[in-house]
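Two complexes are shown next, each including subunit A; its partner changes from subunit B in the first to subunit C in the second.
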Partner chain A sequence: MSLLSIKNANVIYKVKDTEIHAVNDVSFEVEQQDSVGIVGESGSGKSTLAMMILRLLPKDTSVTEGEIEFDDRELLKMTEEEFDKLRWTELAAVFQKSMNALSPVHRIGHQMMNIYKVHCPNVSKLETKKRVLELFRMVNLPERVFHLYQHELSGGMMQRVSIALSLMFNPKLIIMDEATTALDVITESQILEEIMKLQKELKLTRLMITHDMSIVANTCRKVAVMYAGCLLEYGLVTDVIASPRHPYTIGLLKSFPNFKGERAEIYSMDGNLPDLSRLPEGCVFAPRCPYAQKKCFTCPPQTVTYENGRQVMCHFEGGNNGIQY
Partner chain B sequence: MKRFLLKRILSGVLIIFISLLICFVLIHAAPGNPVTILAGHDNPSPEMIESLTEKYGLDKPLPMQFVNYLGTLLKGDLGYSIVSDKPVVTLIAEKIFPTLLLALTGVILAVVIGTMLGIYAARKKGSRFDVAVNSISYVFDSTPGFWLGLMMILLFASTFKLFPTAGMVDLRAGYTGSAKVLDILHHLFLPLLTVTLIQIPRFFRIARSSVIQIMSEDFITTFRAAGMKESQIFRDYVFKNAILPTVTLFGISLAYVLGGIVIVEIVFAWPGMGRLLMDAIMKRDYPLLMGIYLTLSVSISVTMLLVDIVYAAIDPRIRYE
Partner chain C sequence: MEYSIKVTRLYKHFMQRGKRSGQGLFAPKKTVKAVDGINLFVKPGEIIGIIGESGCGKSTFGKLLIKLEDASKGEIWLDGREIGEFYKNDRLLFRRTVQMVFQNPFDTFDPRFTIRKILTETLDIHRIGETEQEKLELVLKGLNEVGLCPAEEYLDRYPHELSGGQLQRISILRAMLLKPKVLISDEPVSMLDVSVRADVLKMLKRLARENGTTLLFISHDINTVRYISDRVAVMYLGRIVEEGIADEVLHNPQHPYTKALISNCSSIDVFEKREKIQVDGEPPSPIDNGPGCYFAPRCFCAYELCNETYPETVYINETHCAACHRIHRMTDEKDPQGEIHLS
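Right after this comes the complex of A and B.
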C-alpha cells in the first residue's frame, strides 16, 4: 500500500504579472518504508515539490493544485489546524543548509525541547530532556550538544542535530531536502550510512531530494527524475540506471564521471532550463533533446507507465519510433 | 569576561584621552582667546591681558598647557571657568540633568516606539500601514531637528497655545513638589517630541528590516515545519534574533543625541548643556569647553561599554575572553 500518493500536482508562483510554473502535473506514489530519491538540476522544482507536501509554500505568492494523499488523508484539503497536528509527528523534514536549521542565539537543547512541547505539551521537562538526549544517541552525538549553540558545532554535527530533530516523533515520512549537500564526501557517506540504518530500525519512509545521482544510486530504492517542474522518469533505481529511457536521464547519467573505466571527458548538456513562466507547447525538454522530432515541439508527451511502476514522459520512449538512444 | 571588561575600560580611557587631545588642539587653533574677550572690545588694557594670560597659564607652550590640564584633571579638578570664574564641575552639574532628561527620554521613547512600529510593519509587510509608516519615516529622517523644533513651536505653542515655547519651568509661577514635576513635563513635551520624532525612523527601519530578514531565515522554516504556532515562533525566536541590531543602534544613537542635541536645546531655550557649550565656544572658555567634552566622551564611552555587555548577554556568538 502506498503511504504517499501525489496526483497531478501543480505549483504556480505568482510574481507580479508573471506566473511561474514550478511544478507541472507531477504524479507518483511512494510505498510504505520505501526510499525515493528526487534528482534534477537547480530550478527543476524538486524543493518546491517538497515544500508543497509540507505545505510550507508562501500562501500569498503561490497556488497549488492537485491531490496529495498521505496515509489515506488528503493533505491539501486539510485545515491549518488539522495539518498542524500532522506536522513533525507524521511528516518531518531535514532541510538544506542545516548550519542554519536552528536559531543561532538559543541553545540547541532548549530549542529541541520547545519543539517537543509543541506536540506533547504535558510531558515533564525531565522526560522531554531524556527524549532529546536519546535522539542525540541515535545519531551519534555527545550529550554536551544539548547545552551548546549552533555556531559551536561543525557542519556534520549540525546535520546530525537536524536529523535527530526530524526523528523526534518517529514520523512516517521524512523528506530530506539536499540534506547532505554541504558536507564533505566522507562525512556525507557516514551520515548516509546512519540514515539508512535508522530507516530500517524506525521503519521510516524517506523522500530524498538531491542533485547528486550517485547518492540516489547508493541510498534509494526508487528514483524520480525532474526537469523544469516535470517528472520525466520514475522507477526503481536498478531499472533506471541500468537502462534509462528518457533522453534527459541518459544525459544526466552520462554527465557523472565513471569511477572505474577510462577517464573520458564528462558529457555536458547544451542549453539551459526553459523559462518556466512560458512553458513550451510541446515537451519541456525538446529544445535540448538530441533526439527531438517535429512532434516533440508541438505536442506535449503523455506519461506512460510500464513494469515495476516505471513511468516515462516521452513521445519516443522505448524506441517506439525506431530511435536509438 | 573580567579581562574583557578591563580591556574595554582601558580602551575607553584611551578614547577619552584622544578625544580630549583633539578637542584641545582644535579649540586652541580657533582664532581669539578668552582673555581678549574678558579684556573687552573698546579699550583693552595690555597690562590686564598680560596678567590674565599669565594667570591662566596661556603664555606657556600648548603641549605644556595640555599636560597641566591633564595633571589637574587626574586630581579630579576640572578647573574654573575663565569667563564666569565658577568651578566647571558646578556649571556642568547644573546643566547635565536637563540634557540627560531630554536626550535619554527621547532615545528611549524612540527605541520603544520605533521598534514596535517596525515589528508591526514587518509582520504586515506590504500593507497600507507598512507603506505609510515607511514613507513617513523617510520624511522625518531627512528633517533637520532645529526646523522640526521651530515648526512644533509654531504649531503647538504659537497657534494652538497648548505648550510653552521655551524653558524648562515657568519661572514666574514658582511651583514646588508635584506641581513642579507637571510643569517640567509640560515644558518637556515639545523638545522631547522633536528629539523622539527625529530618532524614531532609524529604529523603525532597522527593526522592520531585521524582522523581515529573520523571518526569511532557514530556522523559521524548521519551526514552521515542526508545527509551531506563528505567534510562538515570533515571541520565542524572531524577537531575540531581530533585536540585536537595535541594541547596537541604541548605543550609537545615544552618543549622537548627547552630542547633537545642542541645536534642539537652543531652539527651545532648554537649560541644558547645549546652551552652555555654545556659550563656551563663543567665549573660548577653554576649561569649560574641555569639561563639557570630557563629560560627553565619558558618557558615550560608558554607553558603548554597556551596549557591548548587553550584546554579549543576548548573542552567544559574541564571547569576550
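Right after this comes the complex of A and C.
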C-alpha cells in the first residue's frame, strides 16, 4: 500500500510579472517503509517538491496544484490547524543547514524539550527529558550534549541532533533535504549507516533529497531523477542506475569519474539548465539531449510506465527508433 | 632535476586568540597546527591531487603556496626560486608564475565589473598586449577556449548574469591568461552541478596539459581526483600521510587513513558491495596532537608505538610513500605480529 502518492503536482512561483514553473506535473508513489531518493541539479525543483509536501512554501508568491495523498488524507486540502497536528508527528524533516535550525542561545536539551511540549503539552518534565535522552542514544550522541550549546557541537553532531529532533514523535514519513551534504566523507558515511539502521528499527518511510547520485545508489531502494521541474525517470535504484533509459540519466551517470578500471574520459553534457519561466514547447531536456529529434522540440513527451513501477518521460525511450545508447 | 613546486618542512601554526589552554593568565596559548611539516616535490607539468577531510589543512597549504598566508617555518621553491625572495623582488612575475582558482565562483569577482573588465584588467596589470584591440583579441580567444561561445555575448555581462559553471570557467580563464607555471585550484568544482562539473574538469585538465602548467588540485572527492591527477597526496591533520602515483595510492592504499577514506567513499555502482572500514569518533582538531601518530586515536590497527612517536615516511617503492608504523613492521620479518590483513 502506498503511504504517499503525489499526483500531477505543480508549483508555480510568481515573481513580479514572471511565472516560474518550479515543479511540473510530477506524479509518483511512495510505499510504506520504502526509501526514495530524489536526485537533480540545483534548480531542478527537488527541494520545492519537498516543501510542497510539508506545505512550507510561501503562500503569497507560490501557487500549488495537484493532489498529495498521505495515509489516505489529502494534504493540500486540509486546513492549517488540521495540518499542524500532522506536522512533525507524522511528517518530519531534516534540513541541510542544521546549524541554522537550532537556536544559538538555548541549550540543546532545553530546545528539544520545548519542541516536545508543542505536541505533548501535558507530559511531565522528567519524562520529556527521558525521551530526549533516549533520542540521543538512538543517534549515537553522548548525554552531555543535553547541556551544550549549538556552537559547541561539530557539524556531524549537529546533524545528529537534527535527526534526533525529526524522530521525536516516531513519524511515518521523514524527508531529508540534503541532510548530509555539508559533512565530511567519513562522517557522512557514518550518519548514512545510522539512518538506514534507524529506518529498519522504527519502520520509517524515507524521502532523501540530494544532488549526489552515489548516496542514492548506496542508501535508497528507489530513485526519482528530476530535471527542470520534471520527473524524468523513476524506479528501483537497481533498474535506473544499472540500465538508465532517459538520456539525461544516462548522461548524468556517465559524467561521474569512475574509481575502478580504466581512467576513461568523462562525458559532459552541453548547455545549461533551461529558463524555468519560459517552458519549452517540447521536452525540457531536448536542447541538451544528444538524441533529440524534431518531435522532441515540438510536443511534450508522455510518461510511460513499465515493470516494477518504473516511469520514463521520453519520446524515444529504451532504444526505440534505432537510437543506440 | 628542477622541480616546479618544491616544499621542504613547511609549517603553518596559527595562534589561538584569547582562550588559554590551562588555568590562569600566563598559561601558554594554544596553537593550531594547520600545516605541520609538509615535504612535497612536483615536476613541471604534473597534476597533483591533494585529498583530505575538511580541517586537514589542505586549503591552508594552497594559500601558503601562493603567499596568501606566510609560512611559520620551512621553504617553498616555485619554478626554482624561493618564494619569499621572489615575492619581494618581483611581485608581478611571482603572480604570473603562480595563480589560483577558488572554490566559490560567485564570490571571486567584483559584482560591478563586466566580464570584459574582469579579464582585461588582468592583462593591464601585467602589461600583456599593447593595444586595446590586441587585449580584446586575447580575451575573446580565451573565452572560446574555455567553451564560452559566442564570446562576444559574454563580454558585457555582469557576474550575476552568469551561472556558476560559466563563472568558474571565467575564473579559470583569468588565471590561465597569464600562462602561469603553477596553478592552484582549491575545490574548483565542488560548488558546481554534476552535469556542468564534468565539462569544467575536462577543460581544466586540457588547459593544464596544453600549456604545460603544473596543477595542484585540492579536493575531497576521491573520484574527481583520480580522474584529473597523475599523483595524489593524502593529508591528515596538517601532514601528508601517503603520496604516490594516483592509481597506486587509490587502489593499493598503505596508510590506514587512506584505506578508511576510500572505503567510506560512496560509489554509484549499485551492485558493488564495498567493505566499509568503521572509523570511530569525530575528526579531531589540530590542537595538541601529542607525540604519537595523529591518526592513532581513530585508527583501527593502532598499537602501543603509534601513541608514542610519529612514524617516519617509508617508501614502498620509488614513487609511493606513506607514514605509518605498520608498514615498518610489515617489512620487518622478525615480527609476525605486525602483519595486518585488510580487505
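By our rule, the second predicted complex is superposed on the first by the 325 of 325 C-alpha atoms of A that agree within 3 Å, B and C clash if a C-alpha of one lies under 4 Å from a C-alpha of the other, contacts with A are read in each partner's own complex, and residues count from 1 in each chain.
As a working rule, contacts are C-beta pairs under 8 Å (C-beta built on N, C-alpha and C of every residue); 3 or more make two chains touch, one makes a residue touch a chain.
It should be emphasised that the depicted structure is a prediction, and the values quoted were computed from it without experimental measurement.
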Record, for the superposition on subunit A, whether partners subunit B and subunit C clash or fit. fit
Could you say whether A:M157 touches subunit B, subunit C, both of them, or neither, answering first, second, both or neither? second
Touch check for A:T238: first (subunit B), second (subunit C), both, or neither? second
Look at A:S255 in the shared chain and tell me whether it touches subunit B only, subunit C only, both, or neither; answer first, second, both or neither. second
With both complexes overlaid on chain A, does A:V105 touch subunit B (first), subunit C (second), both or neither? first
Cα-centre angle that subunit B and subunit C span when viewed from subunit A, reported as a multiple of 10 degrees: 70
Of the two partner chains, subunit B (first) and subunit C (second), which one does A:K295 touch, if any: first, second, both, or neither? neither
Is A:K129 touching anything from subunit B or subunit C once the two structures are fitted on A? First, second, both or neither. neither
Greater residue coverage of subunit A in the superposed arrangement, subunit B or subunit C: C
Between subunit B and subunit C, once the two complexes are placed on the common chain, what is the minimum CA to CA distance in Å? 7
Do subunit B and subunit C land on any of the same subunit A residues, and which? none
Complex contact set, residues of subunit C against subunit A: 53-54, 163, 165-166, 193-199, 201-202, 220, 222-224, 226-227, 247, 250-251, 260-261, 264-271, 276, 278-279, 282-283
Interface with subunit C, subunit A side, in the complex: residues 41-42, 154, 156-157, 184-190, 192-193, 211-215, 217-218, 237-238, 241-242, 251-253, 255-260, 263, 265-270, 272-273
Which of the residues in subunit A end up touching subunit B in this complex? 54, 56, 84-89, 92-93, 95-97, 100-107, 111, 114-115, 118-119, 149, 151, 162, 165
Partner subunit A, residues of subunit B touching it in the complex: 217-219, 221-229, 232, 236-237, 240-241, 244, 314-317
